[in-house]
Amino acid sequence: MTTVAPAELRSTGIFRKVLREHKTAVAGLVILGLFVVLAVVSPYLAPYSITERSCAVFEPPSAQHWLGCDDGGVDMLSLLMRGGQTSLVVGFAATLVAMLLGGTVGILSGYFGGWVDAVLMRITDVLLVLPDLVLAMVIAAVWGPSLFHVILVIGLLEWTTTARIVRAEVMSLRERAYVKRARGLGASNTRVIVRHILPQAGPLLIANTVLTVSVAIYLETALAFLGLEDPSVTTWGTILEHAFARTAISSGAWWAIVPDGFVIAAVSIGCFLLGRAIEDALNPRLKVSHLSGRRWRVRVLAGRGADAR
Amino acid sequence: MTEALLEVDDLSIHYPIRRGVGGALTRRPRSVVHAVDGISFRLGRGEMVAVVGESGCGKSTTAAAICGLIAPTGGTVRLEGNAITGLSERRLRTVRRRVQMIYQDPYESLDPLCRVRDILAEPMLIHGIGGSKAERSALAAEALERSGLSPAEAFLDRYPHELSGGQRQRVAIAAALVLDPDVLLADEPVSMLDVSVRAGVLSLLDTLRKDQDTAILMITHDLSTAAHFADRIVVMYLGRIVEQGPAREVVHHPRHPYTKALLSAVPRRDREQQAKPQLLAGETPNPVDIPPGCRFRSRCPVGTDDCERTDPPLVTAGDHETACLFV
Amino acid sequence: MNVLECRDLHVWFDLPDGGQVHPVNGVSFSLAPSERYGLVGESGCGKSTTILALLGLLPPTATVAGSVSIAGTEILAGGEETVRGHRWRDIAMVFQGAMNALNPVKTVGWQIAEPMRAHGIARRAKARERARELLELVGIPAAAADRYPHEFSGGMRQRLSIAMALACEPKVLLADEPTTALDVMVQAQILELLTRLTDELGMALVLVTHDLPLVSQFCHRAAVMYAGKMVEEGPADQLSWESRHPYTRLLFSATPDLYGDEPVVSIPGAPPRLDTAIVGCPFRPRCDVPMDRCAAELPLLTTAGPGHRAACFRTESVVTA
């Protein structure tokens, strides 16, 4: 009756465990790390300025311009690097908003239950039901397109999923014996939440957050593509939007579109690998099961044929 | 003569069953679960009382009510003469210091992300004991030593999953001792531990009550443990006390048919000496639809029609009470 | 003829970090028809893994060695393919938490009939009828066949599990702590049912439990396991009163008796880890009568009396090979 899994998942220990057992997690972390580093050093490493022309319109890739140029004669690689910086900032910022809001709502809802839960969940339901893009368009139309608004919109759209997941986890944690014991000791609600529930729900929140980053970046791309973002800002989304708007496809300038899509996909995959690995680590029963194709094996022990009967 | 430290007086805990929309519309009568239905007993200083009974008899609910986790529907619980039920949360906090609970599952009742040091510090922080970290550490170490975990320093920085079941239960006991409680409620303290470890934890509880004069209320379904360690046994059935008295008395000279049947069903090492178990028909009825008259009537081997009409009162013979018309 | 012969059973589990753990380390025993055999031990001793291995219900991380034969037919050597045909037909199991073994969305009658359909023994009407017969056999009214598991109490669900296990008339029934979660009265009822079934149907029963007095009262023979090995085996009453292994003796001393007055004593220490090889007797660190020999040599099961074996150097009679 040895329950191994929950006890080993200390908040710090879990990451070591994840990295040790899931090679995919390492891959994910490496990919993400690479992009973050690139984003940070882009102002210094970008080969060309993105505000000045340095090549011909839609110049194909060459030795001087590895990814060619866009319609304005600006180096594509530099654009991607600068765009990555902004996109990642938007992605992380929006996710932070979603996580803080969703985490808080989820914890309060799950822990207190009753009317607190009812009210918060109805609010969540309303936001879940509203079509994302319609909401984004309305906000952009009313407040004007800007990066800040985009962050806000994405955050508002994403917190609901986090809230539901956290709420479910907190509701089950609330019933654990050690939580009841703490309350029986006379611990205040704050104390129970901060010391007993949050540390346990933390890893789940983090896994969800990592996955949300990829969604946020994707959403940013979508919003920019629809023209709801400030076009003067360079993000992966606006790069794509410019390319389409200025006939990159009919010009055959694939380098203005494909690399951009590729980096977005790469970041998404990185987040997915890392986030899923954390989730797997949190739920050990997801591992090898009786329903998998593999079977237990039979071994023949040598030299034991004629033992005492 | 031990004066009563803890008095439970006609305690009742009823749970209404939700009818739901369909039930409300069809005006179904509200059903009530009579988890505990008017029980009274006392616990003196340094005394160990075992509450035994099968699942659904209300023993765990009783413990939860004494501990302040559930509000009773009727009756009172008194600690040194002062009522501890029906108090506000603030007043209840002072009571919580004096009445502590040890839970059944040592694998679940300790926060897996907290070190032993923090688990022991928590009650101190909540109740304002120990002014500094050093002082709390010292008190924690002392409590661990008293619980048989020695040397204490070796345990303070461990996590629960690094300890065995028996050790975890001792940590739980230490965490309760840190508050120097008057009453310890132990809800099946050893049922989830290995056989070889149980005696140690039970002996620890025994030592506590002898040396510290702590009163211990032990909830258990294991009659052998109750017989061996407790001073008094309280037998519950369907929310009522059917028999209570000195442990040896109840076990060697049971009066209530339920107690007799229960004792006969306990497997014993000596196959020869064991009387054939008296198997009661069926199972414990639902605490919702409690039949009128004696609750045990439906399964009693010696009942008569009288039992269906009258709810048998407790008949006292010295220290030994029985709720049966045939005593 | 023995209905079950288990010889030198070993089970290994692969650990995620590459190592292996060895929870069953050379277990051998045999069962006669109608025999009730107790398998006793504490958590981690390997008793549950042993009976799961008999049924081939092991995860993919497991490796098995040894010979298991039912009525003379070897069932384990070929792996899952050979075991499957015998599973439930010749050897079946009752699990600890009955609620875990019952499907909440299927009626009870359907579930009892399922093994019959799976093995092609009976279909539809005949299976339904047989399911009702089985319900009556275990003491549940046949009309309950159309109910769902949640409508039954704990004790009755355990009876349902037993009925399900009996579906294909197995020769051997394995019961993994079948009464641990039940009240003492219900436990007595279930044990009485199992007694009746083994006597009337000629079925052999292996009862895995940590409850020693239960074994004394209910089993004909029993074996005590420790750290994956069998340390003592013999008639139940001999185990109770003339045990030949310190662990058995200490286990009984650690169990309070209802009327007895003897002090109850814990066994200090904890069972050894099973992921590394153990030198000498695995019980030595906790033994109260260790000898020097025990640290270096592993005691093997040797005869200590008629039908009674113990793995301890202090055992008096030693059989020369």
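Lettered A, B and C in written order, each chain numbered from 1.
Rule of thumb we're sticking to: a residue touches a chain if its C-beta (ideal position, glycine included) is under 8 Å from a C-beta of that chain, and two chains touch if they have at least 3 such contacts.
Bear in mind that the values here come from a model prediction, so they are computed numbers and not experimental data.
*Asks:* Which interface, named by its two chains, has the most contact pairs?
*Replies:* By contact count, the leading interface is B-C.
*Asks:* Of all the other chains, whose mean CA position lies farthest from chain B?
*Replies:* A
*Asks:* Report, in whole Å, the distance between the mean C-alpha point of chain A and the mean C-alpha point of chain B.
*Replies:* A distance of 49 Å separates the two centres.
*Asks:* Would you kindly tell me how far, in whole Å, the mean C-alpha position of chain C lies from that of chain B?
*Replies:* About 32 Å separates the centre of chain B from that of chain C.
*Asks:* If I count partner chains per residue in chain A, which residues reach a count of at least 2?
*Replies:* If we look for residues of chain A contacting two or more partner chains, we find 1.
*Asks:* Which positions in chain C are in touch with at least two other chains?
*Replies:* 43
*Asks:* Show which residues of chain B lie in contact with chain A when the two form their complex.
*Replies:* Of all residues in chain B, those touching chain A are 67-69, 92-93, 96-97, 100-101, 103, 105, 107-114, 122-123, 126-127, 159-161, 172, 192.
*Asks:* Spell out the residues on chain A that touch chain B in their complex, using ranges where they run on.
*Replies:* Going by the criterion above, the answer is residues 1, 3-4, 6-11, 176-178, 180-188, 191, 195-196, 199-200.
*Asks:* Report the residues of chain B in contact with chain C in the complex, numbered from low to high.
*Replies:* Against chain C, the touching part of chain B is residues 54-55, 164, 166, 194-200, 202-203, 221, 223-225, 227-229, 251-252, 261-263, 265-271, 274, 277, 279-280, 283-284.
*Asks:* Residues of chain C touching chain A in their complex?
*Replies:* 7-8, 10, 12, 16, 43-44, 56, 58-66, 76-80, 321
*Asks:* Name, in rising order, each residue of chain C that touches chain B in their complex.
*Replies:* Of all residues in chain C, those touching chain B are 42-43, 153-156, 183-189, 191-192, 210-214, 216-218, 236-237, 240, 250-252, 254-260, 264-267, 270.
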